[in-house]
Amino acid sequence: MTIAAADIFSALKASCAADWDAYVHHRFVRDMAAGTLPEEAFRWYLAQDYLFLIHFSRAWALAAVKAERLDEMRHAVATVNALIGHEMQLHVEYCAGWGLDEDTMAALPEAAANIAYTRYVLDRGHSGDLLDLLVALAPCVIGYAEIGAWMARPEHAAGWQGNPYRPWMEMYSGAEYQQVAADVQALIARVAARRIGADPQGSGRWPSLAATFAAATRLEVGFWEMACHPEPLSPPPAAAT
Amino acid sequence: MTIAAADIFSALKASCAADWDAYVHHRFVRDMAAGTLPEEAFRWYLAQDYLFLIHFSRAWALAAVKAERLDEMRHAVATVNALIGHEMQLHVEYCAGWGLDEDTMAALPEAAANIAYTRYVLDRGHSGDLLDLLVALAPCVIGYAEIGAWMARPEHAAGWQGNPYRPWMEMYSGAEYQQVAADVQALIARVAARRIGADPQGSGRWPSLAATFAAATRLEVGFWEMACHPEPLSPPPAAAT
Amino acid sequence: MTIAAADIFSALKASCAADWDAYVHHRFVRDMAAGTLPEEAFRWYLAQDYLFLIHFSRAWALAAVKAERLDEMRHAVATVNALIGHEMQLHVEYCAGWGLDEDTMAALPEAAANIAYTRYVLDRGHSGDLLDLLVALAPCVIGYAEIGAWMARPEHAAGWQGNPYRPWMEMYSGAEYQQVAADVQALIARVAARRIGADPQGSGRWPSLAATFAAATRLEVGFWEMACHPEPLSPPPAAAT
Amino acid sequence: MTIAAADIFSALKASCAADWDAYVHHRFVRDMAAGTLPEEAFRWYLAQDYLFLIHFSRAWALAAVKAERLDEMRHAVATVNALIGHEMQLHVEYCAGWGLDEDTMAALPEAAANIAYTRYVLDRGHSGDLLDLLVALAPCVIGYAEIGAWMARPEHAAGWQGNPYRPWMEMYSGAEYQQVAADVQALIARVAARRIGADPQGSGRWPSLAATFAAATRLEVGFWEMACHPEPLSPPPAAAT
């Protein structure tokens, strides 16, 4: 008997319910769905997301390094290949439409909130095993699917009219991305089943896994916060007087 | 012929002069030297610094893993042993004087600025070689020595009178810590000499090393900023409405 | 001005000429070209090579983790994707023709010579930077291309007649594999140019890089030796009396 | 309720009983106890063991990087400090008595059996979590304690008379080393309790942990084999004709 993926993620989300809610229903998300998000916030997010994708791909490559079964390795490799060979290109094309060219984004300093999230995930991968790494990656993959699905609810239909962020909303609410996220959840559930058995919450690792999931979720919140109030990358001149 | 350690660090600091100045002369530092820093800011800093020390020690342990010569390895091991076996204990005792007990600090969530810095250093270590790691560690070690020396200047003597932060200032301006920092500088200079030769700035790796040093310096600034304006570890309830 | 890839590899091979010769002209190689290699040796080699490919793919995934430029990362990701998604399948089909099914190979204990090589490469990756890792990977990629080209020389034409190892010889002497190896050489030359400049042998890292290349070459020799005289995976019962 | 350390190790050893027996009762061990081991075998072992200690220390440093609790980290750091700062010096002094000076040993190429073992352990650490790493380290630590205790049995008393290997036998059978090994067993038991609970063999990770322990044990056997029949570090000239 294996655990349904949904059960593990329900438990992980429940273990940090307020943080999860702050992430998937963040003002940034709600304003995007309503079409009222300032363009500057969105452009900042897009540019930092370009840098995020690079380190997120590195984290999936690390999953391939750490995989102990060929099927786990294949899934990780297919994911990093899709990210680097396909998604990245889509992102660059999309950003071009917002006046952001690739060289500009590549030269941009990473915001601290961006560094905090991706390096935290990589460190969980280096200090823990494949399961620790995947649990740290999970809030991004499944949170965006949840955000997409939430945006697609009938009660938010009005917001889609003439919404400048509609292509983004279509992508994450679309069947293709929803399937990607479901596949990742299934992968994590299989990896978890082999490492912590059929009763994840009863396992000695549960507190640590839940802490990883919660920390990564808070770092996602920090990423949205950064976009709403972009932090200065260096302090204002006055600070150094 | 080998390069004097001072030359490399002068070049690294010059390559990010504004960031370096913002770090070593940050308002937090100036207010501490003047004795006017709010106690709450200092207590927040102390508690986060406890968590910082744990991951900073992990980074030095990683230096021991990555060392390719026994003398490099011995220096890294001696450092991590001093940090974990000695400094940590001093820090805990000092914090107790400020009403912070170890269990409380160990249970505290790490602030994003804290995560960003330590995990950035660890990631530079995992993605690069020993030199990349040490250059990422350098702003902390040599910056604190510079801050200590700056505080000890005659023109700041007035601030030491009845200053509640005096033990901290004595430690970092003291001969023992100044020697530790000088030894680390010498280690990095030796490691650099073997990897990038006698003309560091002419080496193909210089732009990448300077970028690492600058990024770590900005993350130090972020750490002081956090202490001055502690970021919320989870967003205020209103944000999630 | 950048160095031609050939120059670096000529220098690396020259620095361990006897080991390189022992590897690319090993008895296993010569007997394969002559069609006189015992089938048992070849089957042993094929089965261990299946396990080798898994860890070799992990090493290329680690290259993606360690890459600092997007083009380097793309090359590493494309390689690991080709290895896991394509080569592995070809290998499994080819092995089936030799009576080796995938489950049997997956369950086989790795020979010590196999473990020594792949884990050495992974460790060079973890302790060093991308260049250290690629130099450790190089003897495999470029040695097999050299072996293929050597087998395709006119003076060895007689050996191809009715040679049971002909498909193997065709693959490694073929244009497709020769191009893969040339691309990897070009990648390593670019990575080297950015890290050790236009005069690799004059760089402080040269002794360490040459030592890595030589060690990996000797471990390739050990792999052929293992196939010629398969080591016992557990000692004979008498040893434990 | 926590598991007694002895229970886990009994189960791990039982899962690879023949390999374990081949390791702790290897001809090298029996001949040392009898004083009949050829000096050349012992000198070879000592020289390779010097190189082994360096990489074994790196593996313990990696344990400090991967530790998730301060007490686990302290134990790992104390171990690597003892190894590098103390044991290594004892080893060098002891080797000097056998005519092996440190520079000679440091310049010696590592034998393949040596590379295989240490790099396997490091790779288990990088691919798995702290428990995977410690289980890979365990056969060395507890096996040597078992060998020392076996040599100290009354029935082997005759062999101690005029035995040239007596200092080695005294060290590993002595109270100090036996305590070190007992402490490491207790550490592993605590780490295991937090990760796989009170019924290790019932955990989903058991097959993987047992496979790691067995593989490391076989690599220890390979190390003794190497000493009995030192493998050529490069093939004989004739092989390349």
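Think of it as A, B, C and D in the order they're written, each chain with its own count starting at 1.
Throughout what follows, contacts are C-beta pairs under 8 Å (C-beta built on N, C-alpha and C of every residue); 3 or more make two chains touch, one makes a residue touch a chain.
Quantities reported herein were computed from a predicted structural model and do not represent experimental measurements.
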Chain-contact steps, minimal, separating chain C from chain B:
1
What chain is the most remote from chain C, judged by the mean position of CA atoms in each chain?
B
Looking only at residue numbers at the chain A/chain B interface, is the share used by both copies over half or under half? Answer same or different.
same
Centre distance in Å when chain A and chain B are each reduced to the mean of their C-alpha atoms
29
Distance between the centres, which are taken as Cα means, of chain D and chain A, whole angstrom:
42
Centre-of-Cα separation between chain D and chain B, whole angstrom:
37
Shared-contact residues (touching 2 or more other chains) in chain D
58, 65, 122, 126-127
Pairwise touch network: line, ring, star, complete, or other:
complete
Given the complex, residues on chain D that touch chain C span 18-19, 21-22, 25-27, 58, 109-110, 112-113, 115-116, 119-120, 122-123, 126-127, 215, 218-219, 221-222, 225, 231, 233-235, 237, 239-240
Provide the residue numbers of chain A that touch chain D in the complex, in ascending order.
65-66, 68, 126-130, 132, 193-197, 203-205, 208
List the residues on chain C that touch chain A in their complex, please.
54, 57-58, 61-62, 64-65, 67, 70, 73-74, 76-78, 80-81, 84-85, 88, 106, 122
